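The following pair of complexes shares a single chain, chain A, combined with chain B in the former and chain C in the latter.
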Partner chain A sequence: MRRRAAASALPVLAIAAGLAARALLGHAPASLFLLFVLVTLAATAGALFALAGGTSLAERLASPLLFGLLVLWAWEMLVLGLKVSPVLLPAPSAVAVAFADHYRTLAADFRLTYLHSVVIGYAIGCCLGFAVAIAIDRSPFLKRGLGPFASLMSAMPIVAVAPIMIMWFGFGWPSKAAVVVLMTFFPMLVSTTAGLAEAGAMEHELMQSYAAGYSATLIKLRLPAALPLIFTALKLNSTLALIGAVVAEFFGTPIGGMGFRIATEAARMDLGVVWATITVAALAGSISFGLIALLERAMTFWHPSFRAPAGS
Partner chain B sequence: MADLAALSRPAAKAPAAHPPASVVIEADNLEVVFAGGIQALAGVSLTVQRGDFVSLIGPSGCGKTTMLRAIADLVTPSAGRLAVNGKTPGEARRDRAYGYVFQAPALFPWRTVARNITLPLELMHLPRAERAARAAEYLGLVGLAEFGRKFPWQLSGGMQQRVSIARALSFRPSLLLMDEPFGALDEITRDGLNLHLNALWRRTGMTVVFVTHSIPEAVFLSTRIVVMSARPGRVIEEIPCQLPAGRALEIRDSPEFNAVAHRVRQALRAGHSYD
Partner chain C sequence: MTEERPAGGRILPFAAVFAGVLIAWYAGAVLLNAPQAKAMLPAGHAGLWVLARASWTMQRPELPAPQQILFTLGHSVFANPLTSPRNFLYHMAVTAKETLAGLLLGLILGIAVAAGIIRWRTLDRSLMPWVIASQTVPILAIAPMVVVVLGNLGITGLFPKAAIAGYLCFFPITVAMVSGLRAADPLALDLMRTYSAGNAQVFRLLRWPASLGFLFPSLRVAVALAVVGAIVAELPTGAVAGLGARLLAGSYYGQTIDMWVALVLSSLLAVLGLAGVRLIERLVIARRGGRL
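Our next item is the complex of A and B:
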């Protein structure tokens, strides 16, 4: 019971003391300011300790949240306290202000870069990689010819082809989506090919004993067995797609977009907007990754890494 | 049914006399040589009648599993003649003439127990209602009626192997091929499953070919025990084994049981002195 009380009271105390220390920074006598800093640190440490034993969902979510707040707070206090130039590192509050001021621009950039280049490029790249993996699997001719070629291509730094894609598809989002297609295609191809080899010899012979044909074996045995590796590629690709789209925009884009914003605002020393864009990218990347991970859990619940403990 | 179909069709490839309807497996001078020149089987001849429970027993690597796999068309013989239901093993496999039980359960972890059992029925395009009825029937038969909605990995090893037997029975093949199905299980579980399998065999009247390296298991289950020698595998002796039909585990202490077990042991020893 005492742990419970501490787990709910200490975070509130930590946040209140942290806000007070932030308000007093540069105004109050040093001793009072230091007192609030110490209270903040002690209360946060106590809260993290009290939350460590928690089992409820709220308690498990509270720890990382509180820790994140602590990092942001320390960042804010250090940047302001040490008077770090905002060009080098703006305070989180400055990033928040930039976020609010440029909300419309950031939303438009997000729509262009994420909802067009990333999502469309990702969908096409993953589907294509999957389809080619099946085609290679089906035909020994393609396996011999395309397999080594694909591994060679997957080792290439794909973003380097961004200027070529601009020549081919113009300055708009399709050229960025094309870079994303290329970046996501090979991991999906390689993972699916490896996944199709996952099913065991005994399971194959079982299907053979039922006189199951190629497609029945593919659908009932090999694709389900390949799912964990396919999801590995889907998760990896969600990160690669974002990197690909943002970096491809560095090579030229006339309208806007997250990479464009980062490049131009950094050149203009407006680092608040740069950091705000990076925050959007990080949030979008984490949320997509999380959603794919949830889908993975739902579809590969049977895999040893997710299995619920045995027993009835 | 399968045999009636076999009778009405002229045996195109076999110039020899057509085997009588009661012969399920006929191997004549069968040889299997693997890539690399390893000879697994040398001149094996074997006849299995309808309703037989034949055990293949021998030391590890003697080719008893290869023999079973040749019957199942999972290995292609290099020489000799092999007929299953009067057809080639390949034709028999495509007719789904046999159910095969592997050394491991080989259940699909993404399917529930019931849907593992209905896997062959899906491949045979049986209607959904019929599949559900069969799953319930065969789960009951192996004593796992309440476990249909569990996943295989939530079951013990012995239960998983019973599910794999139910899966092999679900499409009602007349021939069951079992490759050391209980080899990985502890002896107590194994005893229980032996009783169970014996009861199943008597109830269904199936033909069973059973590979094992356990003498008590072979004697307890079989109507005939085929003793094989070390590689290259050949048949040393065929020992008839007619224990009373309604057998309990206690029969293993009877003199009749011990007499058969003794003969098997003698034959195995003879096979070893070959090399």
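Our next item is the complex of A and C:
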């Protein structure tokens, strides 16, 4: 009971003390300010320990949230307190201001990089990888030949082809989409090929006893069995696609895009905008990853990893 | 780590695919370079073979033929001393050094954080979700900024690139080590408790050996990431040395063949890194009597 009370009261205390310390920074006498800092640190530490034993969803979510807030707060206090030059590291509040000031630019960059290069490249790359995996499925010879080749390619630094793609497809978004296609193709091919081998011998024999042909076995048994691995590739690719598009823009781009913004504003020492762009990229990456994970849960609800009892 | 060997071997299918890629490459070179080659050839010499020959031997092709890449690479390696920036091996060594330093950095940091997460439940609850969430963030996007910021602080050379490579490979290593350090047999953990073994002893004798089976697969991912990190980190430094710098310079001056040589060498670096990890894995398995 005492632990529960601490777990609900201490985070509130920590946040209140943290906000007070931030407000007092540079205005109040040092002793009062230090007191608030100490209270914040102690309350956060206490709350984290109290929350560590919790089992409810709220308590599980509160721990990382509080920890993230602590990191942000420490970042803000250290940057402002030590008067770190904004050329080195802007405070989170400065990033928020830059975010609000450059909202339109950030939205335009997001549209160009994410909605064009990333989404189109991702869709083409994943579909191609999937289609090729299905196409070579009936030929063990091709599978054995392409397998090592594909795993070799997925280990290679594919972002390095970006300048070549720019040469072939021009400076606009198609060259970035091409890099994304190349980056997402091989993981998808490797995963789908591995996934198609997932179905067990028993299930195969059952399908055979039903006199199911190749396509019926593929659609009713092997593709569903391959879904967990396909989703693994889809999740991995959602991050890879964003990285591919952003890095490809470092090599040359017209006057927009998230990679372009990061590179030029970093060179101009305007790090607030850089961090705001990185925030957008992080949000876009996490949200698309989360959406695919939700879809995965809905489509592979039968898989043991989702049926495991809670808390294990 | 036993792999089943399919009947019919692996060499033949791979060789067939490789040959197919080569043929497609030469055909693609003709296709892409033909417009440029046509403009260079005098009118009336438009036979297909002449056109093909011309498109495989161009100075600045859209897509260089494989033998052009090999020849440029061979020329740069054998005609220049190893310390000359005109030698591609020099740039490869620079990138390799950054990759290796980054890998070491990521390894130390990753194992330390994983050990902390295993040891303290509070860290597991508060830090682990961020480690997992950070996998979804395009970390490479901040590479140029880190390089610029560290440059402002007067830190240049190896360290900024190693830091980015290390930061990239830190996450897979941490995630794998958290699973690996937890993979110790519960019965053996109980046994250790009956011996009243301390935390450090349990870690050294039980958890660490159990985690190696998770460490090596994550190292393979980490090697590939570290190469990418090193190359990308070389981009904003004003193109001095390294394969990434060479790539950028090639793209600025339109030296297509140089770009492809840098590309081939960076792939070679990743493959060599993978082979290195596999070698260490074999050695560790051999030392431990054939098991991991």
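A few comments on the model shown:
Simple rule for what comes next: the second predicted complex is superposed on the first by the 272 of 312 C-alpha atoms of A that agree within 3 Å, B and C clash if a C-alpha of one lies under 4 Å from a C-alpha of the other, contacts with A are read in each partner's own complex, and residues count from 1 in each chain.
The definition used in the following text is that a contact is a pair of C-beta atoms (placed from the backbone, for glycine too) under 8 Å apart; a residue touches a chain by one contact, two chains touch by 3 or more.
The structure displayed is predicted, hence computed values, not measured ones.
Legend: residue contacts after superposition of the two complexes on their common chain; A:242 is shown touching chain C, with no touch to chain B.
With both structures placed on the common chain, the touch criterion links A:155 to chain C but leaves chain B unconnected.
In the superposition on chain A, contact is made by A:209 with chain B only, not with chain C.
With both complexes superposed, C is the one of chain B and chain C in contact with more chain A residues. By the touch criterion defined above, A:200 lies against chain B but remains apart from chain C after alignment on the C-alpha atoms of chain A.
Once chain A of one complex is fitted onto chain A of the other, the partner contacts of A:302 are limited to chain B, with no touch recorded for chain C. In the superposition on chain A, A:274 makes contact with chain C only, not with chain B. When the two complexes are laid over each other on chain A, chain A has no residue in contact with both chain B and chain C.
On the chain B side of its complex with chain A, the touching residues are 72, 74, 93-96, 98-100, 102-104, 106, 108-110, 119-120, 122-124, 150-151, 153-154.
Interface residues of chain A facing chain C in the complex, by the touch rule stated above, are 48-49, 51-53, 60, 63-64, 66-68, 87-89, 140-146, 148-149, 152, 154-157, 159-161, 163-164, 166-168, 238-239, 242-243, 246-247, 250-252, 258-259, 262-263, 266-267, 269, 271, 274, 277-278, 281-282, 285-286, 288-290.
Every residue of chain A that touches chain B in the complex is listed here, in rising order: 200, 202-203, 205-212, 216, 220-221, 224, 227, 300, 302-304, 307-308, 310-312. By the touch rule above, chain C contacts chain A in their complex via residues 6, 8, 10, 12-18, 21, 32, 62, 121-122, 124-130, 133, 135-145, 148-149, 152-153, 220, 223-224, 227-228, 231-232, 235-236, 243-244, 247-248, 250-251, 256, 259-260, 262-263, 266-267, 269-271, 274.
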